[in-house]
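In structure tokens below, several structures.
After this come two complexes, each holding subunit A, first together with subunit B and then together with subunit C.
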Partner chain A sequence: MEQIVRSICRHLFQGICVALIVATLGFVAVNLTRGDTALDVAIARYSEDLTDAAVVEQIRREEGLDRPLAMQYFQWVARVITFDLGRSLVSREQVTGLLAHHFYYTFLLAATATTVSILIALPWGILCGVYPGGIVDTVSSMICSALVSVPQFVIGLLLILSLSIKLHWLPVAGFFSPAHLVIPAITLGIGLAAVSSRVIATSLADVRGALFYRFGAMKGLSPFKVLTAHGMRNAAIPVITYIGVQAAHLLDGVVVVETLFAWPGIGKLLLDSVLARDIPVIQGACLLIGLLYVTVNITVDMICFALDPCRRNYQTTS
Partner chain B sequence: MILINKKIPILLLCMLFTLGGSQVLASQTERPLVIVSPWGAKGMDPLVSGFIFTRMGCLETLVTTDDKGGLAPLLASKWHVSDDKLSWTFILRDNVLFHDSTPLTGENTALALKRIFARGKLFKSSPIESVSGSGQKLTIKTKKPFSALPAYLAHSSTAIMSPAAFGTDAEVDKIIGTGFYKLADSDGKTVFNFIAFSDYWGKKATIKRARYLAVSDGETRALMAESGEADIALTLSATAARRLRGMNNIDIHSTAIPRVREITLNANLPFFDTAPERLAISLAIDREGIANAILKNLGTAATQLMPAVSMWHNPGLLPLSHDPEKARQLLEKAGWEKSQDGIYTKDGQEFSFELLTYSTRPMLPVVAEALQSQFAEIGVKMTIMVAKSSQIPSKYKDGTLEAALIGRNFGLVPDSIGTITSDFGPALARGSWGSLGWESEKTNSLIEQYLATFEDQKAAKIRTDIAEILQHELPVIPVSWYDHHVTVSKRISGAKLDPYEIIPYTKGVRWSR
Partner chain C sequence: MSATMLRVSKLSIRSVIKRKQPVRGVSFSVQKGKAFTLVGETGSGKTLVAQAVCGNLSGELTADGKIEYKGVDLVRLSRREKRRLYGKELFLLPQEPDSALDPTMRVISQVAEVFRYVRGYAVKDLHHRLAPIFSDLDLSLSEAGRLYPCQLSGGMKQRILLAISLAVPAGFIVVDEPTKGLDKLSRTSAVHRLSNLLEKGKTLLCITHDLGVARELGGHMAVMYDGCIVESGSVNHVLNSPRHPYTRGLIGAAPENGMIPIDEEVLAAMKQPEKK
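Moving on to the complex of A and B:
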């Protein structure tokens, strides 16, 4: 238990450092790029038609963009310590509220897409892993390569054309009901499932070649029992690590899918904020994404710790 | 085990009945009228997001437009200006209630307008002096004659809200207007749900619920129209409109709007400092070719700056034409000589410039490429730089802008005088999007006269004169006009789209079956 707590603390410390570094890099990158922050904010807030030099100067003054960059940065750090991420320069909304709103939808989509990918990948990968090199494995390998190489927006458009336009089963875009979640989640889930299934198949094939697996069969256990008791558990560790990385990737936003399905996730928010140079939102989103990666890493570590006796024993003895 | 096996089909049946029941319930509940647009809200303040609330029929302005773009009364039933032209009186409609049942009076209208005049960017250089109200009368005083005031009061940012809509520091707390729809709920960004307001002063909404949804991707909006999810889908590409035109469940409305694709030039540069050189550039442009091949509508080829929907359009002007030979002659007359590589040169300097444009208006970079090849044909070298739109005012400000291809909106308010002043008026009134380095005393004087003119005929004459100057001097070079493609589902009827985008999309709309 002590090892777990120590591991969590280490990850948390690393996470906070990483998040702060990422947010700082975001601030530096936005200010290093050519252009005027006040001007970009004015255009995003009032449109090109109502933006002129007077409006830009007013925004510069009101938002404190005329202060030295170092002062702006340290004021932000001082606010972050008190859990205040400030207000959006464009909409004047609290950044925490904005991030919470968008993160809710991102989490919903990421969780559903991961579930879809697991539901597809698990039986598919096990089937291929049990008969490696067989016809099923060979065909599935080709299908996976094809699915991975097809861009997500193509999969999304094909699903819209078939399920929404032709069959009228599901809505095209929006976020008003669970039905709106289905096509975006499948769009993301299919690609993830293709890769996950290969990871599962390879991992399972490796485990099936291990001594302990063959010993299980030799001592008289049924093939199903050996697979479920010894194979699945041991094959799960690389799979869970991989799914964790995928989930973290989904949580930091999938802009193409969010744009295509008008899904109000964090990726679209970040993209719009970068285009509008909305620095408080960019920094807040960077912080959040940094922390999310750490949370996912901790969760994956805990699951692996619970599943893998070698890891437990190693940490206990060390 | 047997028990479990028996339970499974029963459970499945229950699920099917539940799903079926929910489908029946869903079909019995009236669906909302769904309007899909590319623009989300930048906050709940009508000063920045007023277009959503006015175009959904939730907030109303004092003045609106009629079908032809002329001014029409809305919350103000009539208005007049004093003899000295410095005091405007607006008579407010009787029996108008805000959504919180507060009556519309001169006092609370004045309160709302004071905030708008102080914070609204539309009025930043207008000569408003004071606003006061009493009973059903509202008085606005100006420092100098300002004939365009009623047109400015048709802009969405001037929508009138109840005093209860504002919290501390006059920040907007909630949306409380006078329109036929009232805001039910929203996420403050992309989705806004409205319900019919039963105490509306005019013709009430026949569809009980309406929804505004911001969908930034044009192809998704087109697909939503095609699937029947969107009753009205706004701002589709010409290609999408063409694809959907043959469908039997939707109609395509294509309306010309007062927005222009134009080349803004820096007249301080030796290439553009004289009118003949600017005319040569204009003559090199095959506008009909661009309109036909790229914009898929021959009617969008600009023959002058303002399209026919604008009151500033002058039908008497000689149309801008395509004549590469004449363009070459003009350049040679201006002292430019062709070098060995076919590019015009004068005093050792090539006729070569950079055209800055941006991709948030998707057709601009494509049109820029067409222009590049058309200019190359006459011996003018142009490089294209696609950047963020903010680069244009930034370079304009420091004087390094050479040329820019922009989409300029002359329909911000029904009378384009504000944009005309900002783009072609006196140096002090200039914005950051119009001509750079070009100034005309005559234009400045005409603009001043126009703002002080209250007679329609005299104002029309001034508009004609200004349009003539712009056509001859070409401080900016018009390339094409915009048209706005909108799909309207055949499920609804009564939808009308006005070129100035002021009349609510939802006005007079009803289910057709």
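Moving on to the complex of A and C:
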């Protein structure tokens, strides 16, 4: 128990440091790129036609963009300490509210896509792991390679073409009802399942080769009992770690899929903010993503602690 | 005269890849309720004989000859038919206790699952069934039983494996190198516990390089060298009046007899000629 608390504290500390570093890098990167922040913000706010030098100067003065970069940065840090991420330069909305709104949609998509991928990958991976090298495993391996190689937007476009445009079963893009969630979740889920089914198959095949698994059969247990009692739990540890990494990646926002389906998630928000040089939103999103990684890592660690008693009892986690 | 439980006749094992016969024409029989010890140096083929009996030879090896268990020829059985015998009739006690136990399961559950799923006892009866086995092996059901394999010493893990061999209904137990890597004290108690298995009515086929194990288990034994049995008979007879020069060499090479190396000429005379 003491170890798990220590592990959580270490992850939290690491995560906060990483989040701050990433947010700082975001600030530096935006300011290093060529162009004028005040001009880009003015264009994003009022469109190119309504932007003139006076408007740009007004924005520069109002938003404090005329102050030295170091001062802008430290002002931001001082605000972050009081949990204030500032306002968007473009929409003037609170960054916290903006992130919460977009994160809700990202979370919805990530959770559904992960569920879809697990529902596909679990039976598929177990089947391949139980009969490694068999016809199902060989064919699956080829299908997975093909699915991993196909870019997500191609899968997305094919699904839109077939399910939305031809069959009129599901809406094309946006988010107005749960039906809008189906195609983006399947698009992401298929790609994820292709990889995680291989992870499940390999992990299970490794466990099946272990002496304790064969010893289970020697005890007289049925193949199904050996699989459920000794196979699943041992094979789950690397699989959960991998699915955790996938989930963390999804929570970052999946720019391609969010853009393709006009999904109002974090990825799309970040892309729009980068194009408009909306620095407070970029920094806020970087902080959020860093903290999400920590949360996912801690969750995965706790599950692995629960599943792997040797790690729980003896080893310190890395 | 006790009944024959296992009769191995002219067993040969061929390696398809290496085109060799690591075991050639091995014959012996094991009497019910007794021990039979196969002794030989590393590479003599004794573990392959044990694997052939248990039906888990690796894919590139094939067995010829007969292995009759209670009159059924195990060589002719399919994998699925052999699997049906595991735990119920046949049981292999592995030589690596470290990797034979599931690292994610409490040891008590690893013994209890045999009672629950192989013997079909109700959950409420499990404690009552496990208690005598654990106390027989000087293990505390409430303390040692609740631990995971990584929390146990090597000797304790071996005792858990013995607990499993007492739990399974199988009457015929193949024991592979029971004293490998054990210090003198642990070795003595491991052999003593194997004798206990005999007292409980189990039949043992013990594979070892340790002549002392054969002496303590009694019954019959065979000495293997280079894939063949060079001498067999009752343990007393073979160990007290060995006829074959290799057996005499093996007895002389034992630590208690001064570890005198076996005469090179004896080994050279028995070596299988290399096939061109």
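To be clear about the criterion, the second predicted complex is superposed on the first by the 314 of 318 C-alpha atoms of A that agree within 3 Å, B and C clash if a C-alpha of one lies under 4 Å from a C-alpha of the other, contacts with A are read in each partner's own complex, and residues count from 1 in each chain.
Methods note: a contact is a pair of C-beta atoms (placed from the backbone, for glycine too) under 8 Å apart; a residue touches a chain by one contact, two chains touch by 3 or more.
Everything numeric here is computed off the predicted structure, so don't read it as measured data.
J.: Fit or clash for subunit B plus subunit C once both are placed on subunit A?
T.: Fit: subunit B and subunit C sit side by side once superposed on subunit A.
J.: Touching A:222 in the superposition: subunit B (first), subunit C (second), both, neither?
T.: It touches subunit C, and subunit B stays clear.
J.: Examine A:40 and indicate which partner it touches, taking first as subunit B and second as subunit C; both and neither are also allowed.
T.: first
J.: Is A:53 in contact with subunit B, with subunit C, with both, or with neither (first, second, both, neither)?
T.: First partner only, subunit B.
J.: Give the angle at the C-alpha centre of subunit A formed by the C-alpha centres of subunit B and subunit C in the superposed arrangement, rounded to the nearest 10 degrees.
T.: Roughly 160 degrees separate the directions to subunit B and subunit C.
J.: In the superposed model, does subunit B or subunit C contact more residues of subunit A?
T.: Subunit A has more residues touched by B than by the other partner.
J.: Determine, under the contact definition given at the top, whether A:90 touches first (subunit B), second (subunit C), both, or neither.
T.: first
J.: Between subunit B and subunit C, what is the tightest CA to CA spacing in Å in the combined model?
T.: Comparing every C-alpha of subunit B with every C-alpha of subunit C, the smallest gap is 19 Å.
J.: Would you please give the residues of subunit A that touch subunit B in one complex and also touch subunit C in the other complex?
T.: No residue sits in both footprints.
J.: Name, in rising order, each residue of subunit C that touches subunit A in their complex.
T.: Against subunit A, subunit C makes touches at 54, 56, 83, 86-88, 91-92, 94, 96, 99-105, 113-114, 117-118, 148-151, 164, 168-170.
J.: Help me check something: in the complex, which residues belonging to subunit A touch subunit B?
T.: Checking each residue of subunit A against subunit B gives 34-36, 39-40, 43-46, 48-56, 90-93, 101, 157, 160-161, 164-165, 168, 171-176, 259-262, 264, 268, 275.
J.: Quick one: in the complex, what on subunit B touches subunit A?
T.: Residues 41-43, 45, 48, 121-122, 124-125, 187-191, 213-217, 219-220, 223-224, 226-229, 388-391, 393-394, 397, 406, 409, 412, 419, 422, 431-433.
J.: So in the complex, which bits of subunit A are touching subunit C?
T.: Residue list for subunit A touching subunit C: 210-212, 214-223, 225, 229-230, 233-234, 307-310, 313-314.
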